[in-house]
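Structure record follows, encoded as structure tokens.
Should a chain be cited, it is by its letter among A, B, C, D, E and F, assigned in written order, with residues numbered from 1 in that chain.
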Amino acid sequence: MLLHLMTWPEVEDYLQTNTGIIIPIGSTEQHGPIGLIGTDAICAEAIAKGVGEQTQTIVGPTINVGMALHHTAFPGSMSLRPSTLIQVILDYLTHLTQAGFTRYFFINGHGGNISPLKAAFSETYYHLSTLNIPHSDRIRAKVGNWFMCRSVYQKAKELYGDQEGSHATPSEVAVTQFIYPESIKKAPLSPDVNSGYPIYGAEDFRTHYPDGRMGSNPALATPEHGQQLYELAVKELSESYLKFLHAD
Amino acid sequence: MLLHLMTWPEVEDYLQTNTGIIIPIGSTEQHGPIGLIGTDAICAEAIAKGVGEQTQTIVGPTINVGMALHHTAFPGSMSLRPSTLIQVILDYLTHLTQAGFTRYFFINGHGGNISPLKAAFSETYYHLSTLNIPHSDRIRAKVGNWFMCRSVYQKAKELYGDQEGSHATPSEVAVTQFIYPESIKKAPLSPDVNSGYPIYGAEDFRTHYPDGRMGSNPALATPEHGQQLYELAVKELSESYLKFLHAD
Amino acid sequence: MLLHLMTWPEVEDYLQTNTGIIIPIGSTEQHGPIGLIGTDAICAEAIAKGVGEQTQTIVGPTINVGMALHHTAFPGSMSLRPSTLIQVILDYLTHLTQAGFTRYFFINGHGGNISPLKAAFSETYYHLSTLNIPHSDRIRAKVGNWFMCRSVYQKAKELYGDQEGSHATPSEVAVTQFIYPESIKKAPLSPDVNSGYPIYGAEDFRTHYPDGRMGSNPALATPEHGQQLYELAVKELSESYLKFLHAD
Amino acid sequence: MLLHLMTWPEVEDYLQTNTGIIIPIGSTEQHGPIGLIGTDAICAEAIAKGVGEQTQTIVGPTINVGMALHHTAFPGSMSLRPSTLIQVILDYLTHLTQAGFTRYFFINGHGGNISPLKAAFSETYYHLSTLNIPHSDRIRAKVGNWFMCRSVYQKAKELYGDQEGSHATPSEVAVTQFIYPESIKKAPLSPDVNSGYPIYGAEDFRTHYPDGRMGSNPALATPEHGQQLYELAVKELSESYLKFLHAD
Amino acid sequence: MLLHLMTWPEVEDYLQTNTGIIIPIGSTEQHGPIGLIGTDAICAEAIAKGVGEQTQTIVGPTINVGMALHHTAFPGSMSLRPSTLIQVILDYLTHLTQAGFTRYFFINGHGGNISPLKAAFSETYYHLSTLNIPHSDRIRAKVGNWFMCRSVYQKAKELYGDQEGSHATPSEVAVTQFIYPESIKKAPLSPDVNSGYPIYGAEDFRTHYPDGRMGSNPALATPEHGQQLYELAVKELSESYLKFLHAD
Amino acid sequence: MLLHLMTWPEVEDYLQTNTGIIIPIGSTEQHGPIGLIGTDAICAEAIAKGVGEQTQTIVGPTINVGMALHHTAFPGSMSLRPSTLIQVILDYLTHLTQAGFTRYFFINGHGGNISPLKAAFSETYYHLSTLNIPHSDRIRAKVGNWFMCRSVYQKAKELYGDQEGSHATPSEVAVTQFIYPESIKKAPLSPDVNSGYPIYGAEDFRTHYPDGRMGSNPALATPEHGQQLYELAVKELSESYLKFLHAD
């Protein structure tokens, strides 16, 4: 159930029995020489749709551009400042809450979004408490990072071992290959790839990770892997979402 | 060419010869009893992809949630405040400009975005002038509203006459039917539909437009109409974009 | 009735029977070699006073500095950023609404203010809805652009034809000559004047419009024309205001 | 010399030899039963024009609405929040500084503006230092409060003694009577008028100062007094301004 | 009674009979060749603790970094922008007010904080009035500047005469010597020290006050003086606080 | 070396050979029936001072109030909104960076600060890159959470097992008892204490954690434990800091 493909009376009906919504959030940022710039948004959106189908939950519009300031020294990368992302989340949740939603499950495809999202949730809970919305004290939001699902993580280690790395990973590239098999890219990848260096500013990032990869070998990705990872993520996040929805 | 399906080296190559980019912007808002909540985003995204293909231009990620505060009394509607949207646009254009882009063509599906977008462009030109970007004085942005294309407008009048209305119109609904034929909705539509009342706050809007339509009869829409309108919009906006790109 | 020349008990009385107010908004920006920097504020203020007299309506203080970022490469130009103007309007309307006003008619002298004003109205309606003001859902704001009045536009075309242009126009200069006949300026004006180039950033504007005029010949202006234009604007905006005030 | 009555080439010429500008700032707020709502703006503007003439200095547009949140429980009062006023001042001074101005003398008519103005100056000096303006480290701003001029203060004490009070004072009312003799108001004034209570929030203010006066008897004002006070203020602030302008 | 050394049930008890709180605010800024960078915070905190003990009042956490933008050309100086400080104060007072506090007494050690604090109070009163807090119209805040206490000022004049100066003064240095006798610094101090030059931007400040002192001779300070000044400040501010607390 | 106890020339000297600084950040929030409201700030400050001594590093002023919105339903709790904290950190680091500092190590005592701090670092790296500071691309910031040190964590488990809990823990209470032995509190503690419930809004938190503890038994704390934990934290964070400082 995609919010975008529903009418407002259908949403009104839905809210009679269900006040949960899933919101995919990704990023638009470099993913190395063969990873797609939209990788994080593509994965988050696809998996969110899968979770939405499995759990009969509305899936809201994808936040395509997240917090990726550290990738902006590579062309094609886009980012919100954290303070902007906070306002965006606050705006999203305010109007949905006024309509009656109370459970917000963000399916996230990008590590850099986690801190700003958590900061945004705190700001939003407080903000909602200052408005006159009857149920504002019962609002809950949660981030579900598909790439940190235990089953996904284990499968990635099994498939790629140390070559999974931490950015432009074969596992996320594999999921995009499953979704967009016509957009599989090839390019020479140096076997020497830096890893372990912390993330600071954008120039510094590019200096230390000159082709954009962080310790990964995305050449290992295949669409078949992608399908497996996708299915694991959908299964695990569906369980996680339902637990979140039905918690006291 | 979708930015999301490119790699950063591909963007780097593109920028050698072309510094234009198309950014679709829609809205997530009620569109009456049978119009999809994602109508404006769906139309903008589809038409933007068409223009991107026709003109060999990168199409950036869709801004799915726009400025629709006046629709927020209907469940499922979402909105950014204008001040948030300004910061979002400023963030988007800052990093793209740092990467080398100079021409921003927003293909827009929602009337309520026009003023905030224009305000955002002014704020962004100024902001970019305070950074140390060599070409920041040559940045240009433009809004292309597909529903205001002359050819689209004429076709809509020809097809629907006075029943086109101004929100939840048969023409925009038709385009979504062309894109998502499996999501065509049916519901009884009162022949009495208000029109001509100006837009103020959200409660006031719902009072005057109780089912969300503004003077329109979206039951007239067909996927075939949608295809015709889509093609007219792509053609006219492609010309408009190329003129914008190649202007002195 | 100027708010500035009233006492608070007089405003309290007024609000017993009338909740409308007129707010002039202009700009402080270059108007070419012979146009006054205050042109837009002068015209808006004078016409607003005329409308206030004719309709027995309070006229609030003039917003002298508007959104004119694109003129700031010419000395003497001032501007608010759109995001600042939004906060200014929000502050103005919040306190007036708390006092009981519900109808805000902005008489505007500058095209660059239109988008930021409309954005500000949306932001303000929403903001007011979050406060505990009983009548906040009945607040309405409207922009009345004197230079876009049909009668004014026709008269300008009749008087100046193509030489009206779109900035530093003879019609606005004429109104200032009518108001400040002692400040009529003379300077050589090149007959070659650019027109039709869109407005982007400030440096770009000055490059394309080196003396500040956009397609206009303000040397055609006379104080007599100014009086005619002033009277047409007052008449048409008075009607427009009363219609706005008395609408359901 | 009013900026509003100059052309941009005249400003360009002026800047060859003089980089000072005077900016009047007032308020739009209740001034008791017979004081005009525009009192502070009227006084500041009139005196600023006088100082401008006497010192051959450009006088910019009046900031009509200042920081008067504590007066907003009285109808007709308007206010910017301090954080908004800071952005307004920052915007004003940024563009004037880019044009070449370096000395900003604010002639102020309202005590409540002093702290926000000083805060705004600090914020602006810092902000300007982050832009690439060659002379940004030489920018100076100063508030000249006409009602705190020694000569004005002495004359007010001489004329009114303890009945001068601290808001809606006979001295400021007198200046408005001198400027707008046709707008002299009459109303019964209780001889019991509170004084000495500090200023906190708006409701609290009205509770303690129910007719808006703070210890004053504005019935003592005459236009003749107003002229004397005006002349003293113009003289003293002219000296103060020139000292400021010519300081090392 | 330090808030930091209390438990929440102790605060709950306290609020049964007392709704006042003292908040020390200082600065982290250069204080000349021998003054400590923490001078203003150290003094404010120590004196606030003394007043808290004397008046049986909770003392909140010290605001260590204030508004010291003009000192930031000297290494080690830190500052909030005024607009940031306004938000900080607004956040502090919002939650304390929601808990039941109504009287906020800021014991301040730095002149540069006064205007931003007063601006922040105005913004906060207004903000609190928009929330649904029953007693929000009774909130009061006050700044008590220890260095402007009459008894302190007289003692400083008596001890140091003209060599007191206005920044990095012997009196504030003396108080820090009393609090931190192990951190008494020695350095050659030029007898030529500038004074009387107004404060503008940071670079300008350092140009005019090259070693950071403003007309002062802090070499005159002794810990014994510090104790005397400390005791005078505690006594006078305790009286001032109690008067504030018990005012109608 | 405390910044507050240094002079600016001493900081200037320090910067010749060292550009690192430690900034303690805590919180002012309820810590259950016997935990101090200042617990997080007290621990962070004490440990930071220890690390500063051990590593010969300047320790800046403690950020006493952090992001604790979820604790604000308990009296005495204070909080910044995340968006305010971002601006505070941005201000802090801007001026320190302009002075020459490049390595910022935040010793943190409160879990709720982690996400806002990380968000703030991203925002700050970007902001600094837009200023003209030569070394702005080499700026690095890191959070060191004392309570998450491996050695601390192990010791806490060894001492308290499951009764460590996750808020108002015996380990943090023990550290405060070591620092302030005169402020050890006693109160009956229910053996039934909730745990494992996620953190959402403030009202919701208090509903689920009625005395403020999250699964902890702080009655187990002793000053001796506190000393051990303190020493472990100082040792481990000193190593962590030096590694951070000397990393390429």
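Note that a residue touches a chain if its C-beta (ideal position, glycine included) is under 8 Å from a C-beta of that chain, and two chains touch if they have at least 3 such contacts.
A quick map from chain label to UniProt name: A, B, C, D, E, F = Creatininase.
Nothing here was measured: the structure is a model prediction, and the numbers come from that model.
Between D-E and A-B, flag the pair that has more C-beta pairs in contact.
If we tally the C-beta pairs in contact for D-E and A-B, the bigger total goes to A-B.
If I compare contact pairs by residue number, which of E-F, B-C or C-D overlaps with A-F on over half of them?
B-C
With chain centres defined as C-alpha means, what is the inter-centre distance between chain A and chain C in Å?
The mean C-alpha positions of chain A and chain C differ by 46 Å.
Round to the nearest whole Å and give the separation of the Cα centres of chain A and chain B.
The separation of the two C-alpha centroids amounts to 24 Å.
Report, in whole Å, the distance between the mean C-alpha point of chain B and the mean C-alpha point of chain E.
That gives a centre separation of 53 Å.
Which residues belonging to chain A are in contact with no fewer than two other chains?
In chain A, residues 72, 81, 83, 87, 130, 132 touch at least two other chains, as defined above.
Report the residues of chain C in contact with chain D in the complex, numbered from low to high.
2-12, 15, 28, 30-38, 41-42, 60-65, 72, 74-81, 83-84, 87-88, 91-92, 95-96, 98-100, 180, 183, 185, 187, 212
List the residues on chain A that touch chain F in their complex, please.
67, 69-70, 72, 81-83, 86-87, 112, 114-116, 118-123, 125-126, 128-129, 136-142, 198, 200-204
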